[in-house]
Amino acid sequence: MSRIGVFICHCGENINGTVDCAKVAEAASRVPGVSHSVDYKYMCSDPGQSMIKEAIKEKKLTGVVVGACSPRMHEPTFRRACAEAGLNPYLCEMANLREHCSWVHEKSEATTRKAVDLIKSMIEKVKLNQPLQPIKVPVTRAALVLGGGIAGIQASLDIANAGHQVIMVEREPSIGGHMSQLSETFPTLDCSQCILTPRMVEVAQHPNITLHTYSELESLEGFIGNFKAKIRNKARCVDEKLCTGCGMCAQKCPTKKISSEFNAGLGMRSAIYVPFPQAVPNKPVIDKDHCTFFQKGKCKVCEKVCPTKAIRYDQEDRIIDVEVGAVVLATGFDVLGTDFFPEYGYGRYKDVINGLQFERLASASGPTLGVIKRPSDGKVPETVVFVACAGSRDPAKGIEYCSKICCMYTAKHAMLYKHKVHEGSAYVFYMDIRAGGKMYDEFVRRAIEEDDVKYVRGRVSRIYEEDGKLVVKGADTLLGHEPLEIRADLVVLATAGVASSGAEELAQKLHVSYDSHHFFAEAHPKLRPVETNTAGIFLAGACQSPRDIPETVSQASGAASKVAGLFSQEELTREPLVAVVNRTAPPLYSTCTGCGLCMPACPYQAIEMEEIRTRDGTVVKVAAKVNPGLCQGCGTCVALCRVKAIDLQGYTNEQIYAELMAL
Amino acid sequence: MLAKMRQKAKDLLSSGVVSTVIGYGEGSGNRVRALFIRKPDDADKLILDERCVQNLAVYLTKREVRALGRPAVVARVPVMRTIQQLMFEKQVAEGEVAVIGISPDSQVLDFPDLKSMAEYVSAIPFELSADEKAAVEKLEKMTAGERWNFWLDVLSGCSKCYACRQSCPLCYCERCTVECNQPQWVSVPSHGLGNLEWHIMRAMHLAGRCVNCGDCFRACPLEIPLNLLTQKIITDIADKFGGADEYALNAFKPDDKEDFIR
Amino acid sequence: MGKKTINVDSLGELFHKIKSGGKRILAPVEKDGVILFGEVASYPEVATGYIQTVFSAKEAVLPRFEEILRFSSEGRDVVIEEESNKPVPTVVFGVRPCDAKSLSVIKAVFERDYPDIFVQSKIDSTTVIGLSCVNSDEYCFCTSVGGAPGDTAGSDLLLTRINDANYLAEIITEKGESIVSSAPELFSEAGNVDKDRHLAQVNRQFDLDELEKRLPALFESPLWAGQSLRCIGCGACSFVCPSCTCFDIQDETDGARGIRLRCWDSCGFAQFTLHTSGHNPRGVQSKRWRQRIMHKFSYQPGELGTAGCVGCGRCSRACPVDMNILQHIKDILEAR
Amino acid sequence: MTKIGYYPGCSLLGTAREYDESLRAILPRMGVELVDVPDWNCCGASSAHMLNHELSLSLPARILSSAENKGITDMLVPCAACYNRFVMTIHELNEDSKLRARVADITGLDYRGTIHPLNILEFLEKRTDAVKAATALPFERNVACYYGCLLVRPPTVMKFDRSEDPRTMDDLMSAVGANPVDWAFKVECCGAGLSITSPALVGKLSGRIIENAVKSGAEAIIVACPLCHANLDMRRSAINKAAGKKYTVPVLYITQAVGLAMGLKEKELGLHRHLVKVRFPADRGAAQAPTHAQPAADSEPAQTEEA
Amino acid sequence: MSEFEPKIIAFVCNWCTYAGADLTGTSRIKYASNVRIVRLPCTGRIDFMLLMKAFSRGADGVIVSGCHPNDCHYTSGNFHARRRWIVFKSLLDFMGIDVRRIHFAWVSAAEGAKWAEVVNSVVNDVRALGPYDGYKNLAPIAADWRIQDAG
C-alpha cells in the first residue's frame, strides 16, 4: 500500500487567500494511500522543505505531493529535497494550486473543491510513479568540424584550445573557404589574406586538430556523445609526407587552360595545382578530369620534375573511421552565378560578373593582380554599374530572403574601384541599403560622400550589349521615376547567397532539418541559434543563412562553447522522461507488433527496430526500441501506438489515466 | 480462368515454391469457406466466383498457418491491397508469401514478387463505390442527434464477440488494447459505453490503414454496418490530406487545413 | 400434464392477459433483417417465418452483462450493496425446443457446486412457451443430441402448429398450467392429434454416445489443427450458443464508488486462458477449438450428465468462416 | 487531315485579315483542317478586362463552353490578346469555384475544363516536322523575332516558354531556314493600345524596337500578334518621325514567313495589305549579322520562370 | 441541485499552454473554475482515447490546447496532433457525439489572456448545452448514480 505525504502550501496569502488550505489538507488525509497530510505557510522555504524531509524519513513515505505553485517553478526544488531525504525525486509531484487555482478564481467553496480535486488527481498519479534514474550517456571528447572556412577554422581553434581533439574535414584541396577569395574585407578594408592566413596556419599546426582536406563526410551514425563518422579522403595523387610544396609540378604542367575555381572562372590553372599561394596545406592536387595522363594515358611531366618523387598516380580514396562526441556544421554558402538571370543575358555577356569575380579582379593574388580589367577585352572600365539585390528578395525567382552582406560588399567594391580608377564613374542600383553592423553605415556613407559613388535607388530591368557597351536599363525612383539608361563597361551583380552545393545531401546524412533553400535549420531562431534539433550537432556560419564574417566568427565561438560545455562532464546526464517500449515475458516478449508506424513520427529518429533473440540466438521477435540518448520525451509515439507498447516515463498511460479518473 | 488458377496452385505446390495454397472452396449451405491446399491434386477443390470475397490475408499473420511453411494466397484486389499494407507494416516481408492475383475482371495475374503486386494494386484507384459513398453521405446529412440515435440503436445489438476484429487482416496485434486492463481503456461489458468506446477505438486504429474489404461487416452475426465508420475516415483522409501518405497519422503537412482550432 | 388447443387469433388475447399479469414478454422480433429476442407488448410484433433467432433465449437467464453488486468507499472502509439484482418475472414466447432444452443445461452448470442466485432467480421467474419446429435447415441436428423438433423438455407450455388456425398446446409444468388457467376460455380440449405429422423432419446425423466414447482418445490427434486452420478466434459461436455459460467479472468504478458486472466470455478468445505469468496453456487456435468440442461433448456429459450442445446449429450459422460443427463432428467420428 | 478548333477573333477578320489568310494558306500543306468554334463572340480583349471582371470572364467562358459542347479539345487562337484572355479565364475559373458558378449562371453554359487553347507558336512548334517538310523555298533572311507581351506575361499564369527570353519563334524560323538574330527587345513593350490615344509614344517605343532590330542586322521582323503588327507596321510613319530616320524593315506574321518558305505567292499570304512594303534588298543573301549564339548550356532554370 | 455547473477537463501541453495558463495566473486574470488541467509534455502525447475517457468519466466539455504550429518544443508534436484531431473530430461527429463540447486551441506561453478567454467561452457554451447526459447514461453505473446525485 503506498504511503503518500501531501504538503499544502499557503504561499503566504497567494493560495490561502482564496483556497482553504487546511480543508484541502484534511480532505487529502482521507484519501486511501495518504499517510501524512499537512499544510504550511511557505513550503518552498527551508523550514518547509525540512518538514518534507522529516516526514519522508519518519513515515517512510513512498510518494510526495506538494500543493503549491506551478511545477515549472519549484518542481526541481522539491524533487531535490526529496532526493536529499532518500526518496527518488521522480516520486514527487506538484499540484498547481496557485497559478491554476487560487490566483485565477474567487474565494469560494468551488475554488477549494477544485484544489482538492487537483490534489487528489496528483495523489492518484504519484501512486503509479516509478523511481527513475537520470540517463547516463558516455561522451567521446572529440569534435568533428565539417567545413574549413573561417567558421570551421574559428570553431576548431576554440575547441582545440579548450583542450579537446578536433577533426576538421574540408572538401576543397585547401582550407580558407570563400574568405580566402576576398580582396579586402568591410568595414575596415583590411586584406582578408592577412587576417585569415595566420589562422589557417594555426589550424594546421595545432596539436589537437587533425586536418582532412580534399575530403568529404561519407556517413554519420550514433547519437550525442557517441557519433561514429566515416570520412572519405579523396585521392590527391600526391604523397603529402614527401611533397615539400615547391610548386615545380604546377609550373611545368603542360595543361594550363583549366578555369580556376578559386578565381571564380576568371583565371586559369594547371591540371596539378595548388588553389592559391597561401593554401594550407600547401600540397598540390591532380584534377583527374583535365589531367592528360588520366584522360589519355600519357604525359607524366609532373612525376618527372618532382624533386621528391611525391607523385602517386595510383593513389586510391581512403575511408577513415572516427569517433566523435559532437559535430559542428560549418559548410558555408555559395554565390549565385550570373547565368541565373535571363534579363541580364543568361551569363552570355563576359563583362557581367558577380561579386566573387569582382573580388578576384580586385585581389592582388588574382588573375589581374589587382587591376580592375574587363574580362572581355582587358581594358580598364570607365563606367561600372553595381546591381544590388540580384536574385535576393525576389519571390518570382524563388529567393525571397535578403542575403544580408551584398549591400556592404557592393559599397566596398565601388570604393575599391574608385580607389584604383579615380576618374572612373561607379553606379550602384539598390532597393534599400542594409548596413546594420558596427561601423557599417559609416562605411557606406564614405563610399557615397568621399568616393563619389552614385547610388541610384531603382531596379535594373534589363542589360544588353550594344556597340561593345553594356546598356543597363533601370529607373531612378527617387528622382521622378524617369527611366535611366547607363552605357557601362562592366556590370557587377551582387547575386544572392545560396546554400553550398551538396548541403541537402549532407543534412540528410546527419538527419538535420533544413529549409526550402537548403540552409540548415537552427533549434530555435532566437534562443538556440547555434544548435540543431538533433542533439550533439551544432551550427556555425553561413550554412544557416548568409551572414558576414564578424557574425560567423562569433557564432563559431558560440558553437565551440556549446561543444566544450558538452565535453566538460564525464558523462551526459539527461532527464529520464523518455519513451520505453515494453518487454514482457515469453512467448509474447513485447506487446509491440513491430509495425514500425511510430518511427517516422519521431522528430529525433530515436526509434529503431531491435531483434529479440533467445539465448541460443534465434530471433523470436522484431520489436521497436527507443534510444534513450536521442529521445526528448515528446510522447508523440506513445499516443500513436495502437497497441500501447510504448510508454513515456513520467507520463505513462496508467498515470495519466489515473490522474484523469481522479478529477 | 478457374482452370488457370488451379493449375497455378498445382505448379506452386508441386514445385515446392509454397507448402500451402490458401483459396476458396465450397462450404456448407450456399456458403464459401477458406481452403488450405497442401497437395497439388487437391487444388481442384479451389473455386472462384462472386461469393469468394473473404479477405484471406487474415491467415497470413496467424502463427499456425505460417508454421505450415510458405503460403500462397488467392488474392482479389482488396486482398492484394491488404498484403501491400501488411508489407508496409513489416508483418509480411518480400518472399514470405506468394500471390495468385485475380484482377477486377477475374483474370489470373502472375507477380514475380510482392513489390510488383504492390505496384499493380496501387495503380488501381482506391475509392469507395457509389453506394458506399451514398451511405456515408446519407449519414452525414443527418443532424447530430439523428446520427447519435442511429449509432446507439445499431450498436446496441453488439455483444462484443469481436468477430469484426478477428476477421480483419489488419487487426493482427497479439494483445489488442481492448484486452489491456492496466489501464482499462475500454469497458469490457457490451453496454452502451463499452460498445461505443470499442467501435471508436477500432475505427481510429484502422484510420489510414483500412482497405475497405468489408469483411468486418460480413463477419458480424448481426451485420452491423460498422464499416461505415472506416469508410467515413477513408473519405476524410482522401479529401483532407490528399490520400498520398503511406500512413496518414504519422505524417503531416505544415499547412494541413482545418477550420476548428482557435 | 394435458393437451389443449388454442386458436392463432386468440394468442393476442393471451399476450394481453400475460401483460396485465405484470409479466414481461420476450419473443423473437425482426430488427434490420435479423431475428432476435426482444421485449414485445403485443402478439403482432412477434416475428414469424424464420428457423432460428441469431442469439438464443439464454439471455433471459444469463444476460450479456448483469449487475452482481455495488460498492462505495468511505475513507478506509468499503460498503457493499448486494440486493440490487431483482429479476423481472418474464414469459419467453417462441422458444424452439432445442433452446428450451438448453435452459436445463444452463441450470445444471449453475447448480453444480454452489447455487448461482442470479441464474437461479431468473430461471424461477421465467416461464417458457415453446414453439415446435415446423421446418429446419441443414444446420439443425437436435435429434442427434437427444432432442427433437417437438421435444417438450425445458418448455412449460409447448405450442405446435397443427393447422393454419390452431396450435396444439401441451402443458408440461405448473407454470404452463398457470398460463392456461389464467385464460381458460382461450383453450379447448385437444382430441388425439398426431403431433409428429406437423413437425419438421430432422434425421439423426451421428451417435452422441459413440462421439462421447471416441473423443478422449483424440486429445492429441492432429485433426484439431486441420479443422481449426480457418477459425479466426472470435467469440461469435460462444455468444450465440444457447448452452455456453462462460462469463467474466468486471469492476467499473467512478472515483469512490463502483459496480461489479458479470458479462459473457468465450473460450475462443486467445487471451481467455492467459496466465499473469505470460504463459497460455491454450495459446493456439487448435487447442481452443478442441476445448470447445471436448467441453460440450466430453467434459460436460461426464461431469453433469448432459451434453453441452442442443443441436440448434446457431454456431455454424453465425460463424464468419463457416466452421460447421456438424460436419466437424462427422469428421471426428470417421477419424482413426 | 487532323482537325483542330479555330477561334479567329475580331482582328483576324478585320484589321489583321492577312494573318487569317496566311494561316488558312499554310495549314492544308501541314495536313491540318480548321473547325470554327460555333457562334463565337468577342473575347472582351483589354476593354472588358478594364470595365467589369465578371464580364471579362464570361465572354471567353461562353466561347470555351460552346467549343467544348462541339467536342473541340485543342483550339488554335492565333491572336495573342484572345489567347491571353482564354488562359487567364481558365486560370481564374479553376481557382475560384464560386466565381465559376457565377460565370456559368451568366453564360447559361457549364464550363467543364476539357478544352485547351493553343497560341500559334505552341501550335506550330508541335508540328515543326510538318513545317520543315513543307519548306520548298528556305526563307534565308536575318529575322528579329518579336514576341510582345501577351504571349508570355504574367509568367505564373501563361506558363509559355521563357518569359524574359523566349525561343519558340526563333526555333521555328531556324526550321524554315531563316537566321534569327540576337537582339534585346524580344519582349519589350510596343505601346499596344496606346497607339490610339497617344501615337507619338507608340512611335518612340516601337521605334526603339525597330532600331534595335535593324542594328542587330534584321532584314525582317516576325510577329505573332495583330497588335504588335499594327504598331510596328501601321505606325511606321510615327516611328520614322520619332527616330528621325526612314526604316523600311518589313514586318511579317510568322504564318506569312512560313508561307513564303513554303513558296506560296504574296497575294495568297496577304502581304499586299501591309503598309510597309514587303521587299528585301535583292543583293543581300544571308547577311553577316552575329548569329544568335545559342547559350552554351541551356542554363535557363525553366522552373524559376514558373515559380 | 443549484444551477448546472459544467465539468470541463483540459489536456494541455507543458511548454506552451500550461505556461500560458501560468501567465494567466501571474497576471491575476480571473476565469471560470470549472476547468481541471491535465499536464502532458506535448499535444502529440494526447491520445484520442483520453478525450473519450474524459467524457465517460462525466466531463461535460473537453479542451485540448498546445503550441501554435512551428512553435512546438519538439518541432512536430502539434502537427501530428492536428492530423489526429482532424480525423478524430470528424469520426466523433459522424457518430453523433456532440463535438460542440470539444474545443481545440493553440495557446502560446505568452497568451495568458487568450487562455482565460478560451476557458470562459467553453464554460459558457457547455453550460448552455447542459450536462452531457447522452454520454453519461451509456454506462449503467453512471446512469443510476447521477439520479442519486440529482435527488
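As written, the chain order gives the labels A, B, C, D and E, with residue 1 at the start of each chain.
FYI, a contact is a pair of C-beta atoms (placed from the backbone, for glycine too) under 8 Å apart; a residue touches a chain by one contact, two chains touch by 3 or more.
Everything numeric here is computed off the predicted structure, so don't read it as measured data.
Visitor: What chains touch chain B and also chain E?
Guide: Intersection of chain B and chain E contact lists gives A, C.
Visitor: From the C-alpha centres, identify the chain that is farthest from chain B.
Guide: D
Visitor: Select the chain at the greatest separation from chain C, using centres from the mean of Cα atoms.
Guide: Of all chains, D has its centre farthest from that of chain C.
Visitor: Using the average of all C-alpha atoms in each chain as its centre, how far is it in Å between chain C and chain D?
Guide: Computed from C-alpha means, the inter-chain centre distance equals 87 Å.
Visitor: Just give me the whole-number Å value for how far the CA centre of chain A lies from that of chain B.
Guide: From the centre of chain A to the centre of chain B is 45 Å.
Visitor: Taking the mean of the CA coordinates per chain, how far is chain B from chain D in Å?
Guide: Chain B and chain D have C-alpha centres separated by 57 Å.
Visitor: Would you give the residues of chain E that are in contact with at least 2 other chains, written as numbers and ranges?
Guide: Residues 48, 53, 57, 76, 80, 84, 139-140, 142.
Visitor: Going by the contact rule already set, what residues in chain A reach two or more other chains?
Guide: Each of 588, 601, 640, 653, 657, 661 in chain A touches at least two other chains.
Visitor: For chain C, write out the residues touching at least two other chains, lowest number first.
Guide: Chain C, residues with two or more chain partners: 252-253, 261.
Visitor: Where do chains touch, given as pairs?
Guide: A-B, A-C, A-D, A-E, B-C, B-E, C-E
Visitor: List the residues on chain A that touch chain D in their complex, please.
Guide: 339-340, 342-343, 346-348, 395-398, 462, 464-466, 471
Visitor: Can you tell me which positions in chain A touch chain B when the two form their complex?
Guide: Against chain B, the touching part of chain A is residues 588, 591, 593-601, 609, 622, 640, 642-644, 653-654, 657-658.
Visitor: Can you check the complex and tell me which residues of chain D touch chain A?
Guide: Touch list, chain D to chain A: 155-156, 162-165, 183-184, 188, 212, 215, 293, 295, 299-301, 303-305, 307.
Visitor: Quick one: which bits of chain A touch chain E in the complex? Just the residue numbers, please.
Guide: Of all residues in chain A, those touching chain E are 70-73, 96, 98-101, 103-106, 108, 110-111, 114, 117-118, 121, 513, 533, 577, 601, 603-604, 632-636, 638-640, 648, 651, 653, 656-657, 659-661, 663.
Visitor: Give the list of chain E residues in touch with chain C in this complex.
Guide: It is residues 57-58, 139-142, 145 of chain E that touch chain C.
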